[in-house]
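All chains are identified by letter, namely A, B, C and D, in their written order; residue positions are counted from 1 within each chain.
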Amino acid sequence: MSPLDSDIAHLLAGSMLLVSFLLLYQDRMFALLNFYAMHACVLGLSVGWQAYLQRAPHLFITALIALLFKGVIIPVVLHRIVVRLRIHRTIDTVVSIGPTMLLGMALVALSIIVMLPVTHTGGVFAREDLSFALSVVLLGLLMMITRRNAVSQVIGFMSLENGLILAATGARGMPLVVEISVGFSILIAFLVIGMFLFRIRERFDTVDLQALHMSRGESSGEEAA
Amino acid sequence: MSIVWLTQLAQVVVVLALAPLLTGVTRKVRARLLRRRGAPLFQPYRDLLKQIRKEVVVAENASWLFRAAPYIVFATTWVAAALVPTFATGLALGAAADLIVIVALLGTARFMLALAGLDVGTSFGGIGSSREMMFATLAEPAMLMAVFTLSLFAGSTELSSISAFMLGPHAGLNISLALALVALIIVAIGENGRIPVDNPATHLELTMVHEAMILEYSGRHLALIEAAAAVKLLLYLSLIACVFTPWGTAVAGAGALACLLGVAVYALKLLVFGFLLSLFETAIAKMRVFRVPEFLGVALMLGLLGTILLFVSRAPH
Amino acid sequence: MSSGLAVLALATLLAVPAVGALLLAAIRSYRISAALNVALCALTLASAAALYAHRPAPSLYLLVDDVNTVFLIVGALVGFTTSVFSAGYIAHELETRRLKPRDLRFYHAMYQLLMFAMNVALVANNIGLMWVAIELATLTTVVMVGLYRTSAALEAAWKYFILGSVGIALALFGTILVYLAAEERLGQGMTAMAWDHLVGRSAGFDPALLNLAFVFLLLGYGTKVGLAPVHAWLPDAHAEGPTPISAVLSGLLLNVALFALLRFKLIMAGNRLVLSPGPMMVTMGLLSLVFAGFMIYRRRDIKRMFAYSSIEHMGIITLAFGLGGPLASFAGLLHMTMHSLTKSAIFFGVGYVSQLEGTQRIADIRGLTQSQPLLGWMLVIGVAAIAGLPPFGVFTSEFLLVTSTFARSPWLAVLLGLGLMIAFSALALRMHGLAFGESARRHVLNPWRLAPMALHLLLVAVAGIYLPRTIVSWFRHVASLLG
Amino acid sequence: MSVATPWFLSELASGCVALLLGLSALAILIAPRRHGSQLIYGACALLTGVLAVTALLALLAPPAARAAIQLAVGLPLGRTLLGFDPLGAAFAVIINVATTLVSGYAIGYGAHAREPRRVVPFYPAFIAGMNLVLLARDAFSFLIGWEFMSLASWALVVSDHASAGNRRAALVYLIMATGGALTLLFAFGLLAGSAGGYEFAQIRSAAHGAAPLVLFLALVGAGSKAGLVPLHAWLPLAHPAAPSHVSALMSGVMTKVAVYGFVRIVFDLVGAPSWWWSIPVLLVAGVTTLLGVLYALMEHDLKRLLAYHTVENIGIIFIGLGLALAFEASGLKSAAALALTAAIFHAFNHSLFKSLLFLGSGAVLHATGERDMERLGGLIHRMPVTALAFLAGCIAISALPPFNGFASEWLTFQAILLSPQLPQWVPRLIVPAVGATLACSAALAATCFVKAFGMTFLGRSRSAAATQARETDRWSRGTMLLLALLCLCAGIVPGFVMDALAPVMQMIIGTRLAVQSSQPWLRIVPIDGARSAYDGALVLGMIVIAALAAALIVRRFASHALRRSAAWDCGFPDASPATQYTAASFAQPIRRVFGTAVFRAREHVTMPRPGDTSPARLQVELHDTLWEALYLPVIRVVDALAEWVNRLQFLTIRRYLTMVFAALVLLLVIVGAWR
């Protein structure tokens, strides 16, 4: 295929990484949701492009799900929740933005380093793209551990999921796992939104995990051994 | 063979017969040194007879052990004494028990006596037993260390062999032997309750040890115990005599003449040692009870030192 | 015809729980559903046993070999006994109003779903399918942990859910990397995800990719195994969920995850250029062992305490497999089996204890051997067994493991022994408090309800004294396969 | 000689062990019945009796009789071999003789148990475990038996679980026993090698690189079970906590199994020792001997006192073992045989008199409900038989002729006196010190048992309980007297025991002592007649004759008048029993002499000023220096670590995720760094 094709794939993967950084940067709820939507859309595009490159029509479904479901529905629902829980004004970073960013850079560097010795480049899917996917995953994880409230943690998790899908779709000819993984990501999203947040809200008036931890199973200070 | 048995028998009798005399001698000498006339030499025999004839007064709550103890004490001490060559070596029963056994037999006697002291349940009996045993915890190991030295030196724990060895050419002046001798003397003083460890003549409650232990005894029981004490003193002296001054002792199965000579020499030795003992006793004062452990500890240390010197210096037999 | 039987057995193994889940979701009466649950598990057990004798030919999706039959049979057995235990247990929960009939319907359905997921995970030949199955199992257990809807339960479920999902994600990434490594040699498509093909051809795979993949798989599936430092979900999930689920978690799910890990370890082992997986597994195992040992000292909640003991033993097993070699692998396999049986038995007992005493706080429970002698002594026996005292199977495996380790690398063995000692002392300390001392209470408990516990302990005791030759040779074979 | 014909000894012994196990299962059912426990204990006595005879046959029979049997059960990857070899058989005789009598005692005593179900079922299992250790010919069965023994005895210790003290004792015991077993596991791991040759035969044939390490591990593993200082901490807690007949087994018998373990590993399995091995053994043994008896002297609890004396006697046994090591390493075979004989003989004697003493203390405990000597006294009047038996035990353990304790210590002394033959200087320096320790401890033991017997049985009773004491039942008295008789017999004819041990010496050292039973007058001559000899029978005879003679003389000449009256007591009026010497005051001189150094003993006297009528008070504070120096720190460290690690239980999910993240990054870095 022409270098242009792989360049475009490359570009899309790179832009996902970029959006991940933007997600990491955001501390306002609504902005966070919007950037997540963008993240999902870019994913959709990249998956679509891969589908076109690999002549794999089933990947288009994945792309569509990514675009519609993750790009539209979930952000909207989360928006509702945020409004209902009245947490749209909270600024909830644990670590301040600067260090987080630096850490993110380090992660990207690390993922590139670990990918360097990879000799085999699976067709169109260049080593760099794989390292991009890896960095998206790591950034998602980083986001989960630098945010305090549940919604942003869920978003972090879902961006991590997106990274996975990026990698999976990139892996040429990888059978059925893609759909399943997407299905699972949706299932997870549902579980998160439906089951937990509402139940948690029944119990606690916040989704702040700190508060949730006020009721831990044990309290410290046991008698001596 | 029979002559060996004869000497053994004679020995059994001799130790019993001479023991009170030895006590008498020491008392007499001591009295003279103190410018007293002192009791006649044979007073101890009279005392024993007198006590035997008296009726026995036993505390109500005394048990069978209280009444059995004197016999056991007397018997074990006597046997132990009979196993020490006095005027003749190579005794028939010598092979039955070596030096360690003799020490242990005295231990048995002490054990029973201490129990008897506790039996009636008086405070003085307690004092006596407790202190006696405390002395023993140091005196017995000291004695054993001295025994070690001797037996390593002579390559045997048999008294006959030891004294034979001492007569032999290998024996010479040896620092270990000297240490052992000193240790042995200290132990003898301690074990027999002589000054400075204990005063056999006193009944001052808080200073007495041995006497406190037998405070409740009277009559024949007391006689047996006193006799045992006398035999014990004799035993120690004849032990020292047989090991360190083995000259003149008749060898196994020697003729009657030799035996007679042996008896004479033995009596002489006893006389000398008895004299020295009383001299020593008059020369120094009794020490506080809790100084005694240090006194006996010295003996233990000396004995141990002697043994170690011997361990590292001598090639084995 | 043998193959036909085999295919049938495999089909029932998968179909029974799947159908059962739907059925149980439909049935309203909890008595019927509990009975049906037991029956279904019995069927599953039967088919699993049948699979030991007759193996169907491996397909691209499913594979039954010596290795996973061990896990299948152990799992099915524990699942069966647990269903028996749960029948009695759940009834009591209903009486005490801790659960509503609606919850029970959900619970039973989920129980079968869990069985289904775990069976699939075990017989899956396709690493993708295996991943999916384990994910399904995780999700079902998540909702079951949250069943009581107390704040603590929800917290535990939430914690489990978040950490579990992250683990799943990492595992998926690892799987993708393995596929990438394989795709080059095996070409695109199914074959590149079929485990038996992978393990055969892994020599030619790109070592760098495999290394990377194993890191993700170790952490991903290691989360499910409950290895420190990615263990955090495990204690709370065990403590807050219904006790049968704690038993199933410790007895089955951890093993299934470990099984997945072992499959990938074998793929790694086939390639001589890769970073050897052994040291990593040994390190994590040792870490878990020592860490859990210290954690047991300060536990207040009885179920949480035994959950930590599960972490400890998973550490031991991982260490054994990481160490490799015929003795160690055999020991690991034996230890895994024995731990499944013993730990589930202990959880049965603990379930009754917490029901009778009305608390899970260790401090409030004492003198069990007096208040309910049978239960108390069986609990003592269980603890003695899990602590590796003879005549129980755990002792045998620890004997083999420690002796062989000491002969090979003494320092490792010393650390191992230290960890064992720490955990043992902690368990002994707590057990004395629980089992002995004066207790005013007197509990009545129908002895038959202790039958599952008794069965497990009996099996463990027998295994400690006498293992049938067939099982020994079978395990030896499996151990040689596991390297 | 019937070499071809099989003797079925191993089968018989294994069968007995199996029956014992079955018995404990049966006990669960019938223990609460009326004669249930009697039945069980009787059966135990019977089976152990059979075992004792079997072991004796195996010891004396030709080698063909000792063929091991292979069981289908046991270690999956190895063979399970059971059977007596001379060493195992000798120790089996030792433990089963004592166990038989203890079980007989238990027929009477066990009936008093409050909760028989907590005691009776574990008793046969305990015995079975010990016998299994001795029967085992492969590491796995050995350790199974070892742990089984520990576990059963632990259950017996915790049987009276109401008291917190017992629970603590059981806990300490369980933990230390498991630690010891773990070290033995290590030792066998080294011996078996990575190939896993767990059979003793394989181990013997193989060469062992890290033999010193094995010695160390055996010293720790077996030593902790036997009660070597400083690993003795559990012993004085656990032994008294159990019911008295079990204490007798634990103290008198189980420790011998531990000694057997040490001998088996160090003398038999490891192979030729090197000379310096003896040094740590001798040092530890000497310290153990002295400290054991000193601890005992400070103790006023009768059973704890006995437990500490077990520590002392274990020290004496290990002195013998250390000497044997030294001699064997220097090729002085006959001397080694002498030392080892002395050690095993002392093990036998200790099993007898320590069981006897614990049984006696059990009788006292049951009669008065008291273990504290300060509240006993005068029992010789109310429990004459028990008193007599106990007295015999006291004389025996104090190593006084003519009882057995002296015989074995005499042999040990003879071995010590041979040690100048050693070529190396270091042991030559150490051995005499050890000898002095031994002598000192013997004297201290005598003191301690004057105290024990005097305070318990003599004097006037110090409490109401002691006043209303009753003599124990027939079974108890009978067995105690029998044990006392055995102590005497082993003391006056030690030659037979020494001859019986000859096969063991042949097996381990490769030579044997001269045949003793052929000596005239039943005397024993370990080396040669001119050097040393002992004739217990003759000494006893002479003592008896002398005593009779004295009695005769007295009867002939003395007055027989005897009057009972109040105690003289230097003219003091009849004082209350409180004025008697107590155990504490009896031990006070010793405490003054030794205690200040060992126990940091302090005496605080508060005197009322003149005219003040308030009583003067004396408070004595003692420290268990070893516990405070060695065990408390460990506990503290573990505690602190647990506290520190425990914080990980209370993190937020985010922190846990951080841990995952950190682990991931770390591993990625490793992979990245790895080439």
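The rule is simple: contacts are C-beta pairs under 8 Å (C-beta built on N, C-alpha and C of every residue); 3 or more make two chains touch, one makes a residue touch a chain.
Quantities reported herein were computed from a predicted structural model and do not represent experimental measurements.
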B-D compared against A-D, more contacting pairs: B-D
Innermost chain, taking as reference the mean of every protein Cα atom displayed: D
Farthest chain relative to subunit A (centres taken as mean CA coordinates): B
Interchain centroid distance [CA atoms averaged], subunit B/subunit D, Å: 35
Whole-Å gap separating subunit A and subunit D, where each centre is the average of the chain's CA atoms: 68
Gap in Å, rounded to a whole number, between the CA centres of subunit C and subunit B: 78
Subunit A-subunit C separation of Cα centroids, rounded to whole Å: 30
Sequence positions of subunit B contacting 2 or more other chains: none
Residues of subunit A touching at least two other chains: 114, 117, 141, 144, 153, 213, 216, 218-220, 222, 225
Multi-chain contact residues (two or more partners), subunit C: 158, 162, 166, 170, 212, 235, 297-298, 425-426, 429
Topology of the chain contact graph, where touching chains are joined (line, ring, star, complete, other): other
Touch relationships between chains, expressed as pairs: A-C, A-D, B-D, C-D
Subunit B residues within the subunit D interface of the complex: 52-61, 63-65, 71-72, 74-76, 78-79, 82, 93, 95-98, 100-101, 104-105, 107-108, 110-111, 114-115, 118-127, 129-131, 133-134, 136-141, 144-145, 148, 151-152, 155-158, 161, 203, 205, 215-216, 218-220, 223-224, 289-290, 293, 300, 303-304, 307-308, 310-312, 314-316
Touching residues on subunit D, where the partner in the complex is subunit C: 72-77, 117-118, 139-140, 143-144, 147-148, 151, 158, 161-162, 164, 167, 170-171, 174-175, 178-179, 182, 185-186, 188-190, 192-194, 196, 198, 638-639, 641-643, 645-646, 648-649, 651, 653, 656-657, 659-660, 662-664, 667-668, 670-671, 674
Subunit C residues within the subunit A interface of the complex: 128, 131-132, 135, 139, 142-143, 146, 149, 151-152, 154-158, 161-162, 165-166, 168-170, 172-173, 175-177, 179-181, 183-184, 188-190, 192-193, 206-209, 212, 235-236, 239-240, 297-301, 304, 425-426, 429
Subunit A - residues contacting subunit C, complex: 114-115, 117-120, 122, 125, 130, 134, 137, 141, 144, 153, 157, 160-161, 163-164, 167-168, 171-177, 180-181, 184, 187-188, 191-192, 195-196, 199-200, 203-204, 212-213, 215-220, 222, 225
Contact set on subunit D toward subunit A in their complex: 635, 638-639, 642, 646-647, 649-650, 652-654, 657-658, 660-661, 664-665, 668-669, 671-672, 675
